[in-house]
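What follows is a pair of complexes built around subunit A, which joins subunit B in one and subunit C in the other.
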Partner chain A sequence: MFDDFGWENLPPLLDGMLLTAFLVVTSGFLGTVLGFLLGLSRTAPSRIARIVSAVYIGFIRGQPVLIILFFAYYVIPLMFPAVSVSRGVTAIAGLSIYAAAYIAEIVRGSMLAVPAGQSEAAAALGMNFRQKLRYVVLPQALRIAVPPGIGFLVALVKATSLTSVIGFVELTRAGRITSTINQEPIATFLIVGALYFVICYPISMVGRWYERRLA
Partner chain B sequence: MNPIITVHDLHKNFGELEVLKGIDCVVEEYEVVCVVGPSGSGKSTFLRCLNLLESITSGSVTINGHELNDPKINLNTVRQDVGMVFQQFNVFPHMSALDNVMLAPTKVLKLSSSEARDRAMALLEKVGLTDKADVFPSKLSGGQNQRVAIARALAMQPQVMLFDEPTSALDPETVGEVLEVMKALAEESMTMVVVTHEMGFAREVADRVIFIDHGQIVEEGTPAEVFDSPQHERTQAFLSKVL
Partner chain C sequence: MTFYFGDILPYLPEMLTALWLSLWVTLASFVVGSIGGILLSLAKTGPVRVVSAVASGYIEAVRNTPLLIQLYLIYFGLGQAGLQLNPLWSALIGLTLNNAAYTAEIFRAGFASVPVGLREAGTALALNKYQLFRHVVFKPGLRGIIPSLTNQLIILFLYSSVASVISLEELTAVLLNINNATLRTLEVFTYGAVLYWLTSALIAYGARTVERVMFRW
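And then the complex of A and B:
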């Protein structure tokens, strides 16, 4: 089976893997920044901030990733008619929008997991909202957020495969192209699967290391 | 006489439940007031209204001349003058004992870190924890954590200290060390309001004892008056159970 795979087909798969990793890093980063702000907004004193973030999170979490990607694919070019938006940008934007909603919930949940007494003790010392958040609640919440955050990152790796439908040649798409060339879909997708594992496993390992360190 | 806390007709509802039903009370400077009463009587809620950790349903609380219900008030500024010690300590678990004490002086009062460190070390010495300065709360006993919490509150140099059942969550053998620290504070003329079940402490240290039941002050007076010759039958019934 692997004899007929044609090892000259491996470099395109590795390119696809790199692009998948690139998608995870970029959308993971942007999603974390945006998600962090949204998560904070969910607990902010401002009512408007709370409502806007709640609507965003509720709406995005109610959508399949695929629909978000289609939406990004068709809408972003309409929003910026002057520039030609590449598929990569569309893919990153779509995944970031998706990731932000989930990371926001992780951030919010982690902040709620910090006992109320911590915030009260900070308030009793005369700290304002920002000081409480920065010095007391967030340092504790972020530790709580790491394990579910890592779990989500692994889910994000797998969600990147959906960008193949908007024509972005990441690992899954590269696998489909290769399998039509060599007519060896089983061998090809076994290799694709192994390459996904190569990305995901180290991420899980970091998560496990972190949990051990906390324990 | 210089009143630090003036409470007038304080009511507090949690939804339908009326927890405080009109409390009137004045705490003078240098006075130590112990608040006693059965569980669920509203004494902790009363204390938490004094720095607005609980919002006030109606009535007024004035701290150092600042009316807490005034919408224009800067609550954080008022709270800097009101130290609070909690039943569950609420020390910050992600920082050492020293950093717990230094945090508010550096971030809120904007002291330099050397000033804040000197102040914090002096307070840790006062509560007998100089050797634990770099230790994290998870490695300290309940009594030690509560003493860190007291030092942390004192670091803001408050005008009054509120204690919310400070020894109720402690192992019996560490209760004494916390009460000793509180007694020393009282002897230094700190103004204190202490919600407590430690009747021995109240009798020995308090200038005045307030007995609260069902959200009202039933009886108040010197420890001798309240403990030895309680006038009200609810006070008598309560004291017969705890003394």
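And then the complex of A and C:
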């Protein structure tokens, strides 16, 4: 079975794997920045900030990644008719929008997991909202956020496979192209799956190790 | 930019039919997959080492690869092996196998949360193995993991959209068809987004109600 795969097809798959990693890093970074701000807004003193972030998180978490990607793919070029938007940009935009909502929820959950007494004690010391976050709540919350954050990172790696549907040639798309060339879908997708596993499994293991260390 | 939401309204029945397909495919895969998940979690924590290793290997393999690749393996891979399944069966089997691995981890954590003292008390009351699992481990263990199971059900529903890629005519595929027919992209996907959001909110609400009724004790 693997003899018919044609090992000359492996380099394109590895190129695709590199682009998958690129998608994860860029959208993971943008999603974390945006998600962090949204997560903080959920507990902010401003009512408008709380409502806007709650609506965003609630709505995006009720969407399939595929719908978000199609939305980005069709609507971003409509909004910016003057510039030509590449598929990579729409893929990164869609994944970042998706990641931000889940990361915001992780940030919020971790902040809630810090005992209320900590926040009250900070307030009693006369700290304002910013100081309370910076010196008391966040240092504790971020440690709690690491295991679910790593769990989401694995989900993000898997979600990047869906950008193949809007025509971005990452690992899954490269596999699909290869399988139509060599007519060996079983071997090809087993290899593609193994390449995803090589990315995801170590990340999962780090998450589990950190969780044990916290406990 | 002008919007024509009214123009898309005639397509709503078509969208609802497709949403119904998404929903029942999700529910069927969730129910069958969860039974598989319970068996997998028992196999993983069981005394037989080979069985436990196979169960762990299966769970890790599924959880660390994308659903799309799993669907490709079933739809195209089985086809190559001479067993060409239609998109519906491919999606049902793929989502079921996928869900089994995810729920296995949830059930394992739930059953592990039942204190050893309770099991010992069950043994002291001379319950047999089946009774012990059914009354002492399963039901109390289930109570703590209902939120995780609900979450998994919603994620499975959202991920059923991936079946559109292997041409199952569920909601996402139908949205793409309507988009191609009308070219009212923003309007079509707004309808779709609202339908997905409403349905996942309803699932969350329904699960809370079920939880209240099931665990009144």
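Everything that follows uses one rule, which is that the second predicted complex is superposed on the first by the 212 of 215 C-alpha atoms of A that agree within 3 Å, B and C clash if a C-alpha of one lies under 4 Å from a C-alpha of the other, contacts with A are read in each partner's own complex, and residues count from 1 in each chain.
In this section, contacts are C-beta pairs under 8 Å (C-beta built on N, C-alpha and C of every residue); 3 or more make two chains touch, one makes a residue touch a chain.
Predicted model, so just to flag it, every value in this text is computed and none were measured.
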In the overlaid three-chain picture, which partner chain does A:F59 touch, first (subunit B) or second (subunit C), both, or neither?
second
Would you check which partner chain A:W209 touches, where first means subunit B only, second means subunit C only, and both and neither mean what they say?
neither
When both complexes are superposed, which of subunit B and subunit C contacts more residues belonging to subunit A?
C
Tell me the contact category for A:F80 with respect to subunit B and subunit C: first, second, both or neither.
neither
Taking the superposition as given, does A:S161 touch the first partner, subunit B, the second, subunit C, both, or neither?
second
Which partner does A:R143 reach: the first (subunit B), the second (subunit C), both, or neither?
first
On the A-aligned overlay, A:F29 touches which partner chain: subunit B = first, subunit C = second, or both, or neither?
neither
Subunit A residues where the subunit B and subunit C footprints coincide none
Spell out the part of subunit B that touches subunit A in their complex, as residue ranges.
51, 53, 76-77, 79-80, 82-84, 86, 88, 90-94, 103-104, 107-108, 149, 152-153, 156
With touch defined as at the start, can you tell me which subunit A residues reach subunit B in the complex?
115, 117-118, 120-128, 131, 135-136, 139-140, 143
Where on subunit C does subunit A make contact in their complex?
1, 60-61, 63-70, 72-73, 76-77, 79-81, 154, 158-162, 164-165, 172, 175-176, 179, 185-186, 189, 192-193, 196-201
Listed in rising order, subunit A residues that touch subunit C in their complex are 58-59, 61-67, 70-71, 74-75, 78, 154, 157-159, 161-162, 164-165, 172, 175-176, 179, 183-186, 189-190, 192-193, 196-197, 200-201, 204
